[in-house]
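Shared between the two complexes below is subunit A, which has subunit B as its partner in the first and subunit C in the second.
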Partner chain A sequence: MSQDAVPARFAPGDRVVVREAHPPGHLRTPFYARGASGVIERLCGAFANPEELAFNRPGLPAQPLYRVRFRQAELWPDYAGPARDTIEIEIYQHWLEAAP
Partner chain B sequence: MSDVHHDHAHPHAPPPDADATLTYHQALELAVTSLLIEKNIFSAEDMRRQIEAMDARHPGLGGRMVAHAWVDPAYKARALANGSDAARELGLEIGPLKLIVVENTEAVHNLVVCTLCSCYPRMLLGLPPDWYKSRAYRSRAVREPRAVLAEFGTKIPDDVEVRVHDSTADMRYLVLPRRPAGTEGWSEERLAARATRDSMVGVALAQPA
Partner chain C sequence: MRGYHDMGGLPAGPVEATEHDYAPWEKRVDALMMLLSARGLLKVDELRRNVEALGPEAYDRMSYYERWIASVTATLIQRGVLASDEIGRRMVEVEAQHEAEQAS
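Here is the complex of A and B:
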């Protein structure tokens, strides 16, 4: 929330893709969402990066945090429920790219 | 005496109420705690008081928010826009909690999970139940939520969207369940008791009238 924050690149409704990356360390982007595409539901604000905080570093500049909505069928090819079912996940901006 | 202190060397089974052997991380926690106390970072009394304060939190606090949202549409709108402010508006002390309230409707049923650990709105619901922290709930709630809901006795029709919220980062979630039928004219206090813990996590509906 400080001024020392990365500017937000995405707005609600934007289509995004979660980076397909597997760096070492403490991560908050669930494996099951990596590589998936979804839609920005809202911007939650900017927060010190937990991947840095975990190692007692300041985690600044703060990273914008979004809630991203995915269709369950996009995440789980064998999803048994109706196509309308969704999941929303909090994901930091540095894990997101604009959908092609 | 010799009957009790027999001298053969076989191992006896542990008594049924024996404490489990500490895991590596439990031993580490105890070691770090005693170091912090020894170095006067905090006292044993500080720690006891903090545990007592957390244990005093209970789902009735979240229930007050739900009941007020049920009777006051303008408050509900504020709660959906900014859950933290709405909690403070009722005088609930939530510290730095970033709360998002999600509303169950005819068309959407919400379910909360933290797949990475056990994030939970403790300030409003108290400590999470053991099942919420279990690996089974954390892994299954995201990939077969309807099966998990059914195991809690909650059947969601196929024409209702099940929307799971994975609490992976800085936000915490409170489900605003649907108001039970037949509760028109009830006091907020009476309504609040219908908003059970499980209904505010989303594994159940509010308790019927």
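Here is the complex of A and C:
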């Protein structure tokens, strides 16, 4: 955790959308989650941005990291399991936008 | 668009949930990574980036720790810790030594 952190924009229960972005570089947001809608489950803390650390830069200010809950059926159109099934993915704040 | 390593959700075979022993060289690679990390000569994020940069052919061909040592090597060159020429010459020496040992 760092003192030099971006303020957290989201709180548990907030609906968010993962940015549909494909920049070059080292990315930690899974391809399959981009563009998906989910709900903030918790704020995990703020951590140096791995996209910057990957190039031996400080990655500061630290980015808030959230655990985001998605319905499996939201991520996989052919999902055959129960509709209540969910998956949680840890995603940095700069990859998230408030759901419209 | 999708990085080759970013394979979550793609069709794949069954997961083999068996334990296996590591070869001594694999343990050395693990130890090397830990030591370099502790000395501030490598970040785990750099390790991951350079594994991702191997390209699909090498990514599929190499074993887990082969990917690691290739990535550690790339990182040390990028950081200026080691020079390509230095590594290349040493690799030839080690290979020759290994062949001599096999022959004797």
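In this section, the second predicted complex is superposed on the first by the 100 of 100 C-alpha atoms of A that agree within 3 Å, B and C clash if a C-alpha of one lies under 4 Å from a C-alpha of the other, contacts with A are read in each partner's own complex, and residues count from 1 in each chain.
The rule is simple: a contact is a pair of C-beta atoms (placed from the backbone, for glycine too) under 8 Å apart; a residue touches a chain by one contact, two chains touch by 3 or more.
None of the values given here were measured: they were computed from a predicted structure.
Within the superposed three-chain model, A:32 lies in touch with subunit B and with subunit C [touch as defined at top]. Touched residues of subunit A were counted for both subunit B and subunit C, and B has more of them. When the two structures are aligned on the shared chain, A:76 is found in touch with subunit B and with subunit C.
Once the two complexes are laid over each other on the shared chain, residue contacts for A:65 go to subunit B alone; subunit C is not touched.
Touch criterion met: A:45 reaches subunit B, while subunit C stays clear of it.
Overlaid on A, the two complexes show subunit B and subunit C touching the same residues of subunit A, namely 30, 32, 50, 75-76.
Against subunit B, the residues of subunit A that register as touching in their complex are 28-30, 32, 44-45, 47, 50, 65, 67, 72, 75-76, 79-82, 84-92. Residues of subunit A touching subunit C in their complex: 22, 25-27, 30-32, 50, 53-56, 75-76. Those residues of subunit B that touch subunit A in the shared complex are 98, 100, 115-116, 142-147, 158-159, 161-171. On subunit C, the positions that touch subunit A within their shared complex are 1-3, 6, 8-9, 43, 45-46, 48-49, 52, 78-79.
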